[in-house]
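Some notes on the structure that comes next.
Per-chain residue numbering starts at 1, and chain names A, B, C, D, E and F are given in the order in which the chains are listed.
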Amino acid sequence: MRLHLSTWQEVEAYLQRSQGLVIPIGSTEQHGPTGLIGTDAICAEAISQGVGEAAQALVAPTINVGMALHHTAFPGTVSLRPSTLMLVIRDYVTSLVRAGFTKFFFINGHGGNVATLKAAFSECYQVLADLNLLNADRVQCHVANWYMCSSVYKLAQELYGNQEGSHATPSEVALTQYVYPDAIKQAPLSPEVPSGEPIYGAIDFRRRYPDGRMGSNPALATPEHGKQFYDLAVKELTSRYLEFLSRE
Amino acid sequence: MRLHLSTWQEVEAYLQRSQGLVIPIGSTEQHGPTGLIGTDAICAEAISQGVGEAAQALVAPTINVGMALHHTAFPGTVSLRPSTLMLVIRDYVTSLVRAGFTKFFFINGHGGNVATLKAAFSECYQVLADLNLLNADRVQCHVANWYMCSSVYKLAQELYGNQEGSHATPSEVALTQYVYPDAIKQAPLSPEVPSGEPIYGAIDFRRRYPDGRMGSNPALATPEHGKQFYDLAVKELTSRYLEFLSRE
Amino acid sequence: MRLHLSTWQEVEAYLQRSQGLVIPIGSTEQHGPTGLIGTDAICAEAISQGVGEAAQALVAPTINVGMALHHTAFPGTVSLRPSTLMLVIRDYVTSLVRAGFTKFFFINGHGGNVATLKAAFSECYQVLADLNLLNADRVQCHVANWYMCSSVYKLAQELYGNQEGSHATPSEVALTQYVYPDAIKQAPLSPEVPSGEPIYGAIDFRRRYPDGRMGSNPALATPEHGKQFYDLAVKELTSRYLEFLSRE
Amino acid sequence: MRLHLSTWQEVEAYLQRSQGLVIPIGSTEQHGPTGLIGTDAICAEAISQGVGEAAQALVAPTINVGMALHHTAFPGTVSLRPSTLMLVIRDYVTSLVRAGFTKFFFINGHGGNVATLKAAFSECYQVLADLNLLNADRVQCHVANWYMCSSVYKLAQELYGNQEGSHATPSEVALTQYVYPDAIKQAPLSPEVPSGEPIYGAIDFRRRYPDGRMGSNPALATPEHGKQFYDLAVKELTSRYLEFLSRE
Amino acid sequence: MRLHLSTWQEVEAYLQRSQGLVIPIGSTEQHGPTGLIGTDAICAEAISQGVGEAAQALVAPTINVGMALHHTAFPGTVSLRPSTLMLVIRDYVTSLVRAGFTKFFFINGHGGNVATLKAAFSECYQVLADLNLLNADRVQCHVANWYMCSSVYKLAQELYGNQEGSHATPSEVALTQYVYPDAIKQAPLSPEVPSGEPIYGAIDFRRRYPDGRMGSNPALATPEHGKQFYDLAVKELTSRYLEFLSRE
Amino acid sequence: MRLHLSTWQEVEAYLQRSQGLVIPIGSTEQHGPTGLIGTDAICAEAISQGVGEAAQALVAPTINVGMALHHTAFPGTVSLRPSTLMLVIRDYVTSLVRAGFTKFFFINGHGGNVATLKAAFSECYQVLADLNLLNADRVQCHVANWYMCSSVYKLAQELYGNQEGSHATPSEVALTQYVYPDAIKQAPLSPEVPSGEPIYGAIDFRRRYPDGRMGSNPALATPEHGKQFYDLAVKELTSRYLEFLSRE
């Protein structure tokens, strides 16, 4: 069930049986010479819809732009500042808690979002208490990073070993190839790619990682791999979502 | 061209020939008993992609959640506060101006966004000047509301007369039926629907408009109408976008 | 009745019979070579006091500085950023709702304020709900632009035709001449004045409109015209205010 | 010279000879049973215009609403929060520094504004430095409280002794009587009025000072006294303004 | 009793007998060639702990960094902006009011903090009312500047006369020498030191006060003096704290 | 070297040889029936000073209050909201970068600070770029959690096994016992203590963890253990700091 394809009366009925919501969150940022700028949003959205179907869960529209300030020295990147993203999360959650939702399961496609999301959750719990909203003290937010699912991680190691890297990885590229087979890109990739460097500001990032990749070889990706990653992530996150729902 | 399906190197190349960007902005809000909660985002996104193809323009990911505070007494609505949406627009625009974009054409599907967008544009111009960004004084933001295209408005009057109303209108519902024919909804609609009431807070809104419609009869919508609206809006907005680009 | 010339006990008594308040809002911005920098505030204040007398309404002190960022490349302009003006409106409204006011009628003299005011109203309704203030869901804010009164508009067309323009107009200059006959200014006005250009940032604005006028010929203004505009605006807005008060 | 009665070209000419500006700041707050709600703004504005004439200084429009949160339990009070007032001051100052002003002389009518103004000044200096504005490091803001002029204080002691009190004082009431002789109010005043209590929140304030006066007997005020206070304040502040201008 | 050396159960017990808290607030800023950067925090902390012992009062951890923007042209200074410090105070106070504290006694070591603290207190009272916290209208904040104790001031005059100055004063330097005898510094001090200049921005401050001192001769300080100042301040502030607690 | 015990001229000299700074950050929060409220600040401060001595590094004053919103249902806890803490970090870093510091090594004692710190770092890099500060693109912030040092973790496992838990742990309690042997607390500890529960809002936290401990048995702590932890942490973090400094 997608929130955007539902009516308010359907949502009202849904809330009778569940107070859970899946919220995909991605990013709009460079993913190396062959990775799509929407990679993180595309992956999060596809997997969220899979989880939504498997778990009979409502799925919110995707948060397409996240915290990607360190990628902004590459054209095409769009980023919220952490402080802005925190306000966005606050507004989503308060809108939805007013309606009766209490369990927010963010399926995340971008490592750069995690710290801000966690800070936002803390801020939200306080805001909800301050607003004296009904059930404020029962609200739970959880971030699930699909790329850190143990099954996904294991497959990526098997398929790519240390060529998986940590940004513009073949696993995420593969997943976008599965979702958008018409948008598979080709571009020359230098065989040597830096890895393991720390991440600071945007200029510094591009100096360290000139083509945007972090230790990865996305040329290894195939749409078939993408389907495997998709299936594994949907399965593992469906299970985790259901457990989250059932948890007190 | 969709930004999300491009690589940063493709964006770099695009910027050599154009500094324009189409940004769809919608809302996540009740649209009466049969309208989809994502109506405004769905319409803005579909038309934006049509314009993008017709005008060879890059299209940003859709801003799915806008300013819909007055709809938040209906479950399923998600809204940013105006102050939050202004920060979001600011962050989008500053990220993109750094990369070289200067012409931002927002295709908007929701009347409730307009005031906040205009306020945000004013704030942005000042921020860009404060940041001393190159070309700050050449940046232009424009909001184009597809539902106010003269051709669209004319067709809606012909097809629906005063049953078009002003929210959950048959024209926008038709467009979503064209885009998502599998998500056409049926629900009883009271024949009498209030119209012409002013809009204040959320509780007040629901008191005035109990099922969410404002003077509309969305039962008149058909997917075929939707295609007509789509074609008209794409044509008119493509032309307006090209004129916007060429304007000094 | 002017709030500033009342005591708190008089306000307490007033609230027994009315919960309405007229709030004049103007701007402090260039108005061409002969228009006063205070034009928008002067007009809004004078008309508001006229409405206050005619409608037995309390009139707040004038918000003298509004949203005029696009005029800041001309010396003498003072502007709030939209985000600041929104906070100002929020603070006014929350202070006054605590005391029992629920109907806020802003008489506005500056087009550049409108979007921000409307965004501010939306934000206010939510803030009031969040604060759990008594009658929060009955609070209504309305912006009435005196220069858009149909009677005013008609007279301006009759007197000035297309020399009315859209900034530093003879109608608003005339009104200030009526209010401050000792401050009528003379300065050379180039016969050709640009018009119809869009409005973006401050530098861009001055490039497009070098002397500050937008398509207007303020040399046509006379204090006698000013009185006519004043009378028409007071009459029309008094009527609109009373209707606003009586509306549920 | 009043900024509101000037044109931008007159301001441009003024800046050739002076970079100083007088800014009146008052408050909109209860002043006991007989004091006007606008007392602090009225006094600040009248004195500022007197100083403007005497010193050939430009006078900005009055900031009518200040920091009066502790008075908000009395109807008619309107207050900005300190954080909002700081943003207002910031926006005024940055607008004006861009135009070339560097010396800001705030003539203040309300003790409750002082701390916030001083905090705002500190914030402003940093903002100006951050914006790299020309002359940022030469900008000076000064707050001059008319009621603390030594000549004013001395006269108040002579005329009223300890019946001057500290809020809704006969001296400030007298000054408003001089400016608005038609708005002199009569109301019963309890002979006993608390004084010397500390100031915390709004509810607490009203509990301590039930009719709004703080140790004062405004029944002693006369318009003639008002003229005396006016003359003394204008003289003393003109001198202080000129010294401020000449100071490096 | 120091909050940091207590358990939450001890605090719970303390709240049964007292709702008061001593909060030391200092600054991290240059104090001339021989004054410690931590001078203001060191003095506030030492005196607070003395008061805590004498008055059986709980003492919060020290706010080490205050509002010192005007000192930031000297290396080693760290400053919050006034707007940030206000949020810090707000967060402290709301956290503590939720637990039952109502009397906040800030022992302050830095003149630059005073305006911001007072503005923050006003903002806090409103926030507490907005949050509907229990006892919100009984909360009282007080700032006590140790260097303005009459006994301290008197001794400083006796010991140093006009060589006390107003920043990097021998009295505060003496107190830090008493607390940290191992950190007594020697450096050449120019015999002539400017004094009486106003304070604006950071660059301007350093231009006026090149070595950071304002009219002071800290070479007169001794640890023995420091002990005297410490004893006087603790005694006077203990008495003032107890009076504050007992006040309705 | 402690910043608070230095003069500005010493800092100026230090900056000639190093641009690094150690910043201890803790929290003010409940640590179970026997743990000190200041535990996290005490540990971070002590270890930072040890690192400062070993590495000849300057050590900033301790950030005593961090992000502990989830502990605020226990009296004595003081917390900044994440958004406030981010502003504090921003103000620290911008003050210090202006003076020439570029390498910020936060030694952290509280898990709840980590997400907010990381979000704050991202925001800072952008702010520094926006301010066009010299070396903005060379600034690096790093958070080092002493309790996650591998040597510390290993010892905790050896000494306490699964009784280490994750809050109010014997290892951190031991370290405070070593630093403040006079503040060792005794209180009955229920043998059963919940562990492994997720963390959401404050009320929820206390419901899950009634005495504040998370799976820990702090009764196992001794001052001798504390010394061991201290030595290990200082050694490991000194080494990490030096590597951080030397890293490009």
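Going forward, contacts are C-beta pairs under 8 Å (C-beta built on N, C-alpha and C of every residue); 3 or more make two chains touch, one makes a residue touch a chain.
The shown structure was predicted, so the numbers you read here are calculated from the model rather than taken from an experiment.
Asks: Along touching chains only, what is the step distance from chain E to chain F?
Replies: Each step joins two touching chains, and the minimum needed here is 1.
Asks: Could you tell me which pair, A-B or D-E, is linked by more C-beta pairs in contact?
Replies: Between the two chain pairs, A-B has more contacting C-beta pairs.
Asks: Could you work out how far the Cα centre of chain A sits from that of chain C, in whole Å?
Replies: Centres of chain A and chain C (C-alpha means) sit 46 Å apart.
Asks: Would you kindly tell me how far, in whole Å, the mean C-alpha position of chain F lies from that of chain A?
Replies: Each chain reduced to its C-alpha mean, chain A and chain F end up 29 Å apart.
Asks: Can you give the whole-Å distance between the Cα centres of chain B and chain E?
Replies: So the centroids are 53 Å from each other.
Asks: Could you check chain B for residues that touch two or more other chains and list them?
Replies: Those would be 81, 83, 132.
Asks: Where on chain A is chain F touching in the complex?
Replies: 67, 69-70, 81-83, 86, 112, 114-123, 125-126, 128-129, 136-142, 198, 200-204, 207, 247
Asks: Applying the document's contact rule, which stretches of chain D touch chain C when the two form their complex?
Replies: Where chain D meets chain C, its residues are 2-12, 15, 28, 30-38, 41-42, 60-65, 72, 74-81, 83-84, 87-88, 90-92, 95-96, 98-100, 180, 183, 185, 187, 212.
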